[in-house]
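Heads up, there are several structures right after this.
One chain, chain A, appears in both complexes that follow, with chain B as partner in the first and chain C in the second.
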Partner chain A sequence: MLAYIVRRILYVIPTLLGVNVLVFVLFFLVNSPDDMARQALGEKNSDPVQVERWKEAHGYDVPLFWNGNASGIGRVTKTVFFTKSLSMMWGDFGKSDMTHESIGDEIVRRALPSLCVTAPIFLATLLINVFLAMLVATARGSVTDRVTQFACVVFMSISTLIYIIAGQYFFAKLLRWTPVSGYLPGLDCWKFLALPILVGVISSLGSGIRLYRTLFLEEINKDYVRTARAKGLPEWQILFLHVLKNAMIPILTNVPLQLLMLMMGNMMLENFFSIPGLGGYTITALNAQDFAIVRSMVFLGSFLYVVGLLLTDICYSLVDPRIRLG
Partner chain B sequence: MTEDSSSSSGVDLARKSGFRLRVVLAALLLLFCALCIVLLRGCTNDPWPSGFSSSDTYFTNYSSEFKTFDPAVSYYVHEGEVLDSIVEMPVCYDYLKRPYELVPMLAESVPVPVYYGKSGEVLTGDPPSDAVSRVEYLVRVRRGIKYQPHPCFGVSPDGKGAYAGVDSKSLKAYSSLSEFPVQGTREMTAVDFKVAVTRLCDTRLASPIYSTFASFILGMDECSSLIKAEVARLEQESQSCGIRLESYPVVPDYRTLPLAGFELIDDHTFKLVLSRKYPQAIYWMALHFFSPVPFEALEFYAEPGVVDAGYSFKNWPVGTGAYMMTECKLREGLTLVKNPNFRDEFYPSSGSESDKALGLLADSGKRLPFIERIRFQYERESIPIWIKFLQGYYDTSGIPSDMYDAAVTLETNGDMGLSPEMAAKGMAMTRSVTAISYYLGFNMLDPTVGGLTPEKKKLRQAISIAVDYQEFIDVFMNGRGVPGQSILPPGIYGCVEGEAGVNPFVDQWDAESGKTVRQPLARAKELMVEAGYPNGIGPDGKPLVLYYDASGSSSQSKATFLWLREKMSQLGIVLEERLTDLNRFRDKIRTGQWQLQFTGWVADYPDPENFLFLFCGENGIVATQGRGSNKTNYSSSEYDKVFKRLETMANGPERMALIDEAVKILQEDAPCCWGYHPMSLVLTHGWLKNYKPHHVGKTFMKNLRIESEARTEYQKRENAPVLWPGYLVVLLVLLVGSWRLYVWRS
Partner chain C sequence: MVEIWNSWWFQNTLVGLLVVSGIAVVLRLRRREYWRLAYREVCRRRGAVICFFVLCLYTLVALIDSVGWRDALRDENGELMRDPRTGKVVYDRGGSALDHLLKGISSKKEKTYSSPMSRESFMLESVNRDGKVLRERPPLKHPGAHLLGTDRIGQDVFCQALKSIRTGMVIGILTTLLAVPFALLLGVASGYYGGLVDDILQYICSVLSSIPTVLFIASFMLIFGRGLPQLCLAMGIASWTGLYRLLRGETLRLREEEFVQAAVAMGVPSWRVLLRHIVPNVMHLVLITAVLRFSSEVLAEAALTYLGIGVGSDTISWGTMINDARTELTRDPIIWWKLCTAFAFMLGLVLPANIFGDAVRDALDPRLRTQ
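And now, the complex of A and B:
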């Protein structure tokens, strides 16, 4: 097991290096440092002198991959790739092109508000989806099942944006239960988080219930369930102690991958509810064309995805001892 | 027997376990309902920290993030609103007077230029530009003006800076600079202006106005080189001490670095020396690039401990203004509070009759600022801003397009008015035309639409008639704009409004409505015939095909293109769209590879030169390889001659006549289809007093006044939570849950 984990961690390094190179090439092919300077300076001030000064001030005045003017190791290290991209491999995300603030510090600061939104959504969605899916699965073919399936399709068909606007209008404007948007640190945050969490949970219900219902239906018709029923076990015990345990593997396949969403935040919710998390950070950076932040967030996303996959594999072996890693 | 007893004990076990589960579920149900009721009782939609809403705070918002408040770098309007409340400049704009008028701020009086001839003699009057070889502005700054309390001025008992060599750990306990235990202040002096102007030359800052300033302030390029050398020397020293330069940039002593364009006379007097005649320099002195920078602040923010604690000059500016920053989270919100050291400044006592009628002179002569605190909240979406405004949590708001019908009604004379619903809430609407011009430009280097031959002029005039911007404003902007007659927006000196200002080649005056309307389409068709394109058919017998170059493909830009195509088709012209990404689009502009594009210009200062220079031949963007701002590449020796004369002339009848002449040339040559000047519609609540939009100056916050009691009353009235649906849901959950448990038991 340990050997497997170590080996997987070692695999992560070349994978991330590949992602790093790919992200750099994509970004700098689309947007040269000159273009970035012009975008940052705006229409009025982007004359060639200003462009050169901006590049110099932001460290883009060196070659992209190979610095022929430098000597020794400087030929590699005094390049845009090394200073702006490769450094992300050791956690140095550099500074924002627009605000000059440390991206690493900002990521750390914004992770908590993001988690405050995404973690409750994740947990509540998981619990509600599993619970409802199980109930619906037991009533397969009944009117309840059909109505629920229809409702799920309706829920899935509605855009998250509609949920957000409707939620803001209904709960914040008509009922006046929560603020429309905003965030305050500390205990005051609950009044701002209640609505985005509710919207996040409702918008995830349709697809979640349908997915888990299918998983439970597969399990519920197996022989061990029939045996348990024949033994006279109460239905709730069969469902929650036996079916749920056996359905955990496919559930776990889905769950650790949510790590990405948990850490990176929910862009749309954070944007509309003005929550200072990582999702909103990314959206703001995209709007402001702050490519240093966008690059960092893409790289961080890839990193979390790889970590999520690793966790999935480890969870498999914990839940199902038949699966042996290594 | 054995089988029966094991079966009955299994049933008992199941019953017991079922009973326990029901008890647990019932308890959970009750707990859930109780929790819901507690949460419902505590519900509030107040987005501000406790006690904030009822305090003397002005609540406003921003939707584009703030990048910097460094006065040498900041160039965005929304940043200016914050920064110009904290720092002050030698001069500023009068809050009420229109047209905009400069008044002294930190200077004792508005500086006047002294012109020197080629042999050093003083030139009197308004000499021609070519006779002037040197210009001097003598600026006397007021005495006794103190900076806001700030740790950079704090002094330790041994006489050194209180935070010299400070450890970041000891600073991280504070969430704001205002919490630092040692604060101080000092009098502002002329040296601080020297620091401010010299800093603009530092290449590391990439000040956006460096090129502009270097074009008229003497010796900026030389100073830039000196700073570069000094920075290299200091960096070498730092490196030898093992200091990481990327984290702790060095600060050269801007006080002592020579700048030929800045002469320090004494502690309260300095001279700004210009290399050429440039009367508009005075307007630049009203921008924060000219605000004094205390060198202590730069030293303070260069302290490694301060840097590590996350404080920087670009986020925490230091100034003499009415307010000072106490909270700075660029992507969340900012808080400014009254500067206790603010000098004696009083609300203006002169204004127009309409100002008087609107109650804008009610606070005349009262000491500024009125409001204790200003809160800028980062809000990315317009709908939450609008809802919070209706709830009384913001004091002002624009009108989102979706809410236009709810907020605005058309009055009988066609003007926009506030809807009765909003008026009943005590709101007011302020309309004003902004100092911005948007227009459809023709590439004058293009063989089809460019050139100054009579045929080409007529082709452009015909297109200008067909593209009716009043219709555009009505369709796409809810009527929020004024069709342009020339590049000059209303309110800028030289812009003639009414019948006299009509563009005779494209528009005509409608006496009945008292408005300008486009000439009939038949006139455009006549012009097309004269241009050699009858019914849009060219000499080759094919329809004239034009290309509209744009970047981005939003639904709005697509709709705009379709509208343009429909207008052009009235003349038989086929319009095609050439979409590219922003970078390629800019390349096309720089190299002149385009035909038609929609563009605009926002005034830097309220002088016609700031708009008319966009058509000066020597500013052609292609001719200058990207340095110029003349995007249409228009070049007319006749126009250039007139422009060069009026460019540096003082306002007066002679300049007015020249502006008229320049405008007429542009109207005839039609390098653009003059588009429109957007109108700003701002809603304010009744408790906000003294609000008057100012589209050039940003120092207006200190003039605002809030009647907090009226606001609190409104907030209470409008925001009482509606709880019965919540209670109903809780009751239903309780009933259904209980019933389910009962049924289960049965």
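And now, the complex of A and C:
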């Protein structure tokens, strides 16, 4: 067991290093610091002197990989790769290219609003989807089942944009139940969060119910269910006590990964509802062409994913001994 | 890259190649019993057949819109205009065959918004009548000509929605065409050869798949600029890993099957084993994934375009239409037709694609069938 966990943890490091190098290639080799400076300064005032000055001010004036002018360990550490890319491995995200604010501080500040939107959506979606999928699974093969299936496909075929726009129009503009967008820190934020959460839950209903229904139906055909039926257990007991427990294994082991990814926020919702979370931060940076922030967010997202996957794998191996022995 | 992409001959060759290879694949598959059975299975569902025809209709519009078309310029007497030096016929800037067909509607421009089939403008204007200033809706230049109304700069919404079909279809098809060969080649090689090849490919796959898709596409578009080809490439790179894993697993299973073992024992070279025995047996997975993913890619385009990381605002797509329409809903009275048109056209493509995809999956892989 321990050997499995250690092996699994050790695999995280090369993966993160790979992500780091890939990000470096995209952001520094394909698009050199000179290009970045010219994009930041604009076409008009991008003469070589100003480009150099911009690079110096933002710390891009050192060589990419190998600094021959420095001595000792500085040859490796005084490079763009080390100060701008590799440093993200130990949580040093540096400063924004545009506003010079520390990206790390901003991430810490914005993680909570992001979580306030995504965590309730995640929990509510899980509960509602499992419950509805269970009901559909009990009625499998009936007209209700087929109607629900079709409704799910229709729900899936509607763009998230439409859900958000329609939600804002009906609940905020026509009914005036909630504000259209905005955010307040503290407990008052629920007024602003109610609508994004509702929209988030509704937009994931279609695919969620379908997924869980398939999961449940896979379980229902297994031998232990037949045994339970043969014993004469009522159908609802089989479903809610036996099938649910087993079907929840893949769902619940996935929770650590989901929880970490929730922190990255939901770009679409945060952007539409002006919630100052990490998703909105990324979109603002993208539109402002702030490469430092985008770079950091890509790495942070990958980091959370890799760590989440690690936790999920460990959870799975705790529950299912076939994994760690295989 | 963008110049070649936009050039007239490149587009027409590409469209021709796609159509010919599509027909060739269908003709080849018809010879195999397994695919004929799957075809009959799909045909048994009336809903799936209807959806297939809707998809064909969309494809037809997209194809017509992909064929380059240039009109020869004529002078006022109707004579062909020729270059004074070379004597060659002069052509206009060129567009697609669909542009040519729609010229009748799209050239009828209004000043600004007008509601569907309306005879008067949507906006009130001050008119001086008998010395009194009145606020009234002026009549349109082309009353009743706009089936779905016009937008802020007076362009026909119906035309825009038709033009968006191509963007959506290109995204759905080209992304798949980019991702599938990669995934097929690498997945099959990875599963069949194992060892170092497998380790390296799996490492690359785990690195790529650990970057959240949206963020990967976003940084790709930030570096390479916004546009349809870039978006297809970015989505292609971001999406091959899932299919790769699926195919690798299936190949691992097939490698141990008796017919493969027999072929290996008889001394068949490994590339032939792959081509004759492995690849045909994973093709159903490729097709299922491609069909099921098509719709999500069309939806993703709209979302990404809204976020400012999709196609540029100069490319007409449902994403840009919805993006434009967002501010129109805050007006009073609201302007609903652009949003509703984009929504209806999108649903008209994505819903049949989903239903047809489910039917194809059920027909090709009974194990995955939803009971």
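Please note the rule applied: the second predicted complex is superposed on the first by the 291 of 326 C-alpha atoms of A that agree within 3 Å, B and C clash if a C-alpha of one lies under 4 Å from a C-alpha of the other, contacts with A are read in each partner's own complex, and residues count from 1 in each chain.
Operating definition for what follows: contacts are C-beta pairs under 8 Å (C-beta built on N, C-alpha and C of every residue); 3 or more make two chains touch, one makes a residue touch a chain.
For clarity, every value in this text was computed on a predicted model and none was experimentally measured.
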{"item": "Chain C versus chain B on the shared chain A, clash or fit after superposition", "value": "clash"}
{"item": "Partner chain(s) touched by A:165 [first = chain B, second = chain C, both, neither]", "value": "both"}
{"item": "Chain B versus chain C as contact partner of A:283, first or second or both or neither", "value": "both"}
{"item": "Which of chain B and chain C A:182 touches, first, second, both or neither", "value": "first"}
{"item": "Touching partner for A:48 - first (chain B), second (chain C), both, neither", "value": "first"}
{"item": "Touched partner set for A:154, first chain B, second chain C, both or neither", "value": "second"}
{"item": "Chain B versus chain C as contact partner of A:305, first or second or both or neither", "value": "second"}
{"item": "Which superposed partner A:98 touches (first chain B, second chain C, both, neither)", "value": "first"}
{"item": "Which of chain B and chain C A:31 touches, first, second, both or neither", "value": "both"}
{"item": "Partner chain(s) touched by A:274 [first = chain B, second = chain C, both, neither]", "value": "first"}
{"item": "Location of chain B clashes with chain C - one stretch out of 117-125, 369-377 or 405-413", "value": "405-413"}
{"item": "Shared contact residues on chain A - chain B and chain C", "value": "30-31, 165, 168-169, 173, 271, 283, 287"}
{"item": "Chain C - residues contacting chain A, complex", "value": "203-204, 206-208, 210-212, 214-216, 218-220, 222-224, 295, 299, 302-303, 306-309, 318-319, 322, 325-326, 329-330, 334, 339, 343, 346-347, 350-351, 353-355, 358, 370-371"}
{"item": "In the complex, chain A residues that touch chain B", "value": "30-32, 35, 38-39, 41-42, 44-50, 53-54, 56-58, 98-101, 105, 165, 168-169, 172-184, 188, 191-192, 194, 232-234, 236-237, 271-274, 276, 280-281, 283-284, 287-288"}
{"item": "Residues on chain B engaged by chain A in the complex (per definition of touch)", "value": "10-11, 14, 17-18, 21, 39-40, 43-47, 49-50, 64-68, 75, 203-206, 208-211, 310, 312, 314, 329-332, 377-381, 383-384, 387-388, 390-391, 581-583, 586, 602, 604, 625-627, 629, 719-722, 725-726"}
{"item": "Of chain A, residues touching chain C in the complex", "value": "14-16, 18-19, 22-23, 26-27, 30-31, 140-141, 149, 153-154, 156-162, 165, 168-169, 173, 210, 213-214, 217, 221, 261, 264, 267-268, 271, 282-283, 286-287, 289, 291, 294-295, 297-298, 301-302, 305-306, 309"}
